[in-house]
Amino acid sequence: MTPGKKKLSYSYYPGCSLHASGREYDISTRALFKALNVGLKEVPDWFCCGATPAHNVDELLSLSLCAKNLSLADQVEGDLAVACAACFSRLKTTQHHLKEDETKRKQVEYAIDGPASLNKPVKHILEILAREYGLAKLEESVKKPLMGLKVAAYYGCLLTRPPEVPELDDCEDPSIMEDILRALGAEPVKWSHRMECCGANFTLSRPGVVLKLSNAILESARLAGADCIMVACPLCHGNLDIRQKEIKEAYGAPDSTLFGSIFGSDLPLSTTSEDRRDLPIFYITQLAALAMGVASQSLGFESVIIDPKPLLRDKQLL
Amino acid sequence: MHDFEPKIVAFVCTWCTYAGADLAGTSRMQYPPNVRVLKFPCTGRIDPVFILRAFQKGADGVLVSGCHPGDCHYMAGNFHARRRFAAFRALLDFIGVDLNRLQFSWVSAAEGGKWVEVVTDLTERVRTMGPMPEFKELEHEELWSTFAEATAGKSTGLNITGDRSQVLNTPELKEAYDSIS
Amino acid sequence: MNAKANKNQLTSIEPAYYEAVTEAIRKEAVKILKEDTVVGVVGYLPGRRKGTATPALVTSVEEAEKLVFSPACVNNLSVYLTKAKKGVLKQGKVGIVAKGCDMRALAGLMTESQLQREDLFIIGVVCPGVYGFGVERTGTLTEANIARKCRECIVHMPEGADVAAGTHAELADLTPEEAEEMARIEAMPQAERWAFWKEHFSRCIRCMACRQVCPFCYCEQCLCDKNRPQAVESSPRPAGNMAWHLVRAMHLAGRCGGCAECERVCPMDIPLNLLNRRMAKELKELYDYEAGLAPVEKGPLNQYKEDDDQSFIK
Amino acid sequence: MSRIGVFVCHCGENISRTVDVEQVAKAAGEIPGVAYSCDYKYMCSDPGQTLLKKAVAEHKLDGVLVAACSPRMHEKTFRKAAESAGLNPYLCEMANIREHCSWVHEDREMATEKATGIVKLMVERVRKGKSLAPITVPVTKRALVIGGGIAGIQAALDIADAGHRVVLVERDPSIGGHMAQLSETFPTLDCSQCIMTPKMVDVANHPNITLYTYAEIEKVDGYIGNFQVTVKHKARSVDESKCTGCGVCMTKCPKKKIPNEFDQGHGMRPAIYVPFPQAVPNTPVIDRENCTMFQSGKCGVCAKVCGPGAVDYEQTDSFTVEDVGAIVVATGFKLYTIDRKPEDSPIQGYGEFGYGTIPDVIDGMTFERLASASGPTGGKILRPSDGKEPKQVVFIQCVGSRAREKGISYCSKVCCMYTAKHTMLYHHKVHDGQAYVFFMDARTPGKGYDEFWRRAVEEEEAVYIRGMVSRMYQKGDKIVVMGSDIQVGVQVEIEADLVVLATAVQAQDGADLLAQKLGISYDKYNFYSEAHAKLKPVECATAGIYLAGACQGPKDIPDTVSQASAAAAKVMTLFAKDQLERDPVVAKVNEKYCVGCFACKKVCAYGAIEEKEIRDRQGNLVKKVAYVNPGVCGGCGTCQATCPSKSIELDGYTDEQIMAMIEAL
């Protein structure tokens, strides 16, 4: 039985963000999968995976949350598709830990009152698109190539790290996003900050940190000549999109305190203020769905802060 | 009547376990005198038939011991032995030999203490188990004894698969069969 | 490939199927004999009595046209290539009709350098199973008359044959009898297991039919016939019997393809294949090895991994 | 009927204190076939041995059992005594009633019973014993050295100086290896070429050394003392016997812009070339991939200008078979390539360092060439991108090494020292420059090494930052190096002009394939395995093959040279005798019953078992059987336990002996 003959179908864990601030990620994911004729069935009664904070507070709780969600996912056929980078990381980490640690597994199984589902394959949508659906087929399916769109593919910290857990791509030098972009007809730019941290959930507790880190990412993308940034994580999206105006206010002028550099000269990381153009932040699924010819109205472009439509119109993609 | 003194046979490799047993001696450690050591160049040389034969010849317990994995003087003999005996154990278990009578161990030339421990444990375990009757009894039994018993209607109570009448499928055979039962 | 997707949930295999396979075998045998591809074909001819078949080496087209296949073709033909008809291989390439279990034996014999693939023309038979013993031979194969070993067959479709005769055919919903029997014995208390086998082995008359019929017992001098030293007592007494059957099981471990011919020919009805199956199960569990699925370089007991299980070693 | 003598030793009181030795001797005397038994205070003493010898003669003994200490102690002693009494030494055995009995038990009665039991078994072993003759193997006193780096050169010179003939095979057009590429060497900073090139010339001029460059090992047959090695001589396109090394061809070659491998691609060479001016032999080779003549058939300049007519476009690969008695493997190392992850390799790359995309990120060997007076920049430190002198240079250690997540967990051993050397060389050449080093630990065990490293830090102003680098990117003409200083606990960014990576030392390409040809083992990193990590560090488990240098694991020059000389000494030891004599405990095949299933061959760790054809008088193949090469057999007996029909048997541990012992339990 060749895989091509059977319709691809996945169980789907959206996660809290995708039902809240990252709603457009959820909408566009569903729209994309529909356009590609790939099945997506939401796990019934799923709840929060604990995201990045839970494991700092209580490791067993965070493992149990994920383990319970995994066992819920087990009731739905097909590998588990996850869009949010944090959910993906936590679910994979849980499987990894529980496989290695018998004692923890027993504790967790006691807590969730059932077996932990350690072998349900958890797949990020990036790998579903690039490997399971396949780049070649993806390229074939493109109806409206994203010609002329220069995209900075931003991975962030969670998608490929730590090396032994996500098994998504090379830990420090991945290419999966760029590969997908090329398949969609867009032009991925070479840039320096694609693996740096955006500040993640410090956006609430220490916004200053986020402004500083996200600024460096935005500046680096601008320097590389990108029109926009593509992400695969609602948290990254939030920091780069929602905070972008604040960042502009905070770092309007060339900034020398950006990095605590103890050797060598300071870096002129900020470009001149006229260069501080707005960078729309896209989810991978938004761009992919757009290329598949999905109507832009159903991709949630209205609910983001930095309006991407001028750019898309400019590139004749709307 | 004497208390039961088990007969223990140890098949050991000359490079590690035999040397380990020598070390136990030079260190004047003490262990039960029930064990008889048979020296082999390598555990790889030890044929399962030897174990079988030892049981048949009255051993109550058998020890097979050689170099730790990776330490084999012949590179891989103990690795081959490990697989061979893993399979042989399963077979003995299946036919109903108590595996507590059969011990495998890695004892290096530096592990005099471990040799003493392994030999003592096995000896004491077998002592509490008592003599091993199974193979010894077979030595003294004659053919047909149980068969005759079974066929004379004094069934051993065991489920013998299949119907014997199908085995004896010619009248001639049936007749012969009837004449002995 | 996908057994569940098979819409034909067969409850019986009708004579028409066997006729079709017979036709295919005859056609192929005639062809390779005519073309001088082979010097002979090892296959089955009809037995003298109805509902039987007998192994034969056919060397002429006329004979080849008489070859048959039916559920009565119980024999594992590979044994003829290492024993009775070994000499024919010296004259040239030989054709052989192979069911799944014959194929497993052939693969094993290739692994052990006893046969060369290029010396054989293999007519694979897609075999739904053969008769068990003492059953009604109606020409139709059903759950009621299929052999025990066939209930758990994993190679209905011989891989690696030159041609295949027959299409997919498999009886549905067969319950595995041997696995159940094995589980029953394993569940017995140890003393009862011993008594079970002791009873069986005590009846052994050492006719050596099990050895004679086994494709893998091809040694020119069997260890058990050796008397200097005598590892296994040769007279049919319980001690020697036990030793013989243990040695046999050990020697076949990792090699036996499960054709169960030993059990079929045993005049004393000793369930010999249970021993072989138990060893196969162990090696599958320990080393993920199943014998005879394809010729391999080394069997499981001729190789090792550094991290093999050693939980039983102190 | 056998006539066995049993000699029971008191060992002073060591045995007799717990064991009633007289009782044991008496019981032994009653065993059928024992013709004589006695006990004596010290069996191993001169009088004891004399007693034994006399008894053998007087009682016409055909087997001897000495019940005393462990055979590991005195088996040789008593076997020699038996031999001098005219008995085959292998008919003399020992029963261990000291280590295995009197020393480990206190109960006299039980110890005596056990000792008697042990003697009983061992008598059976003697009874079934066979006379064995030591196996002799002739030795070809000619050695093969594979690899012409410093390890191979040193080993070849040592063996040749001892008066033995040596064949030295080098894969590249010249010998010299990595050491010839180095600028200066730690810890003395002497010029590498100054100390290396004289040795290379010695090799070329040595009457005992046959040098094959541009040649590879095709096939290895045979065994210790008797290897037959097929050497493939790659087509050089230049006849070595005619070439005078004048070099005119190289100057006239119209194609001159080919990156020179010797300079790590940073210098240029013509299509007909010698890798470097001091190359040995000084015979050029044509790089057919880049030669216009070979690619388009139009050129032929080199052939026209060659006075002696040495250029030969028609030359093909040729083969010779070399008979040698010993092999020294000295194939060296390669440097980790830090590009993206190579296909099918478990090793992860360092794409995040921009190697291959940022021109001024180079590896340590490239820096050596930049610093070398004979290098592409004439010894000036100039960066590759624009030829400017870099003012800030960042050195990064442990790139690949000690990085489990990248697939290599070992330490490459030489990088700490050569990076310290690099900072010094840099400081000597660019006085106003600043060197930074990111390091995990500075590992400097070695004579004068730590002092050298301290000099780099304290006197030569290198700034050492403990921590690793996460990323580098080009920004203008600078390279931004982002890293962390874990001692201060801050993130660090340095704008560098040049970045030098101390990349991991890896096994050579094809090391595994060569190992398979040689039948030697290698670890998961493809480094060759020594027979014993401590006591046999230069021997392979395969007899007659020795290791030298970095092919066994990362090594610096002093260690490499030491090991090369050690390997040479091992070869000389082997060559000191005309015949190899070895213990006759080897397996033999009963060809009558062997059916050729070759299970024995599959389990033999030594590769000692071959397939042998048995033919009838007409030459027809009757069957194939196993054949044991006694020179190679290690004597473990795994084959016998594996053989279903027991058609292979290990002398000294025959089934008959073992079964007889079991019967006597």
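A, B, C and D are the chain letters, set down in written order, and residue numbers restart from 1 in every chain.
The working rule: a contact is a pair of C-beta atoms (placed from the backbone, for glycine too) under 8 Å apart; a residue touches a chain by one contact, two chains touch by 3 or more.
These numbers come from a predicted model, not from an experiment.
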{"item": "Central chain of the complex, centres being mean CA coordinates", "value": "D"}
{"item": "Chain whose Cα centroid lies at the greatest distance from that of chain B", "value": "A"}
{"item": "Chain pair whose interface holds the most contacting C-beta pairs", "value": "B-C"}
{"item": "Computed distance of Cα centres, chain D from chain B, in Å", "value": "42"}
{"item": "Averaged-CA centre spacing for the pair chain C and chain B, given as whole angstrom", "value": "30"}
{"item": "Rounded Å distance, chain A centre to chain B centre (Cα mean)", "value": "62"}
{"item": "Whole-Å gap between the CA centroids of chain A and chain C", "value": "56"}
{"item": "Where chain B touches two or more other chains, by residue", "value": "53, 76, 80, 84"}
{"item": "For chain C, residues contacting two or more additional chains", "value": "223, 231, 301-303"}
{"item": "Touching residues (chain side chain A, partner chain D) in the complex", "value": "162-164, 170-173, 175, 190-192, 195-196, 223, 259-265, 267"}
{"item": "In the complex with chain C, residue positions of chain B that touch it", "value": "48-49, 52-53, 56, 69-70, 76, 79-80, 82-98, 103-106, 118, 134-135, 138-139, 141-147, 150, 156, 158, 160-164, 166-167, 169"}
{"item": "Complex interface listing, chain C residues touching chain D", "value": "90, 112-114, 218-223, 226, 228-231, 251, 297-299, 301-303"}
{"item": "Touch list for chain B against partner chain D, complex", "value": "7, 9, 14, 18-19, 21-22, 24-26, 28-31, 33, 36-42, 44-47, 50, 53-54, 57-59, 72-77, 80-81, 84, 116"}
{"item": "Interfacial residue positions of chain C with respect to chain B in the complex", "value": "133-134, 181, 185-186, 188, 190-200, 202-203, 205, 223, 231-232, 236-239, 242-243, 246-247, 249-250, 253-254, 267-269, 271, 275, 278-279, 282-283, 286-287, 300-306, 308-310, 312-314"}
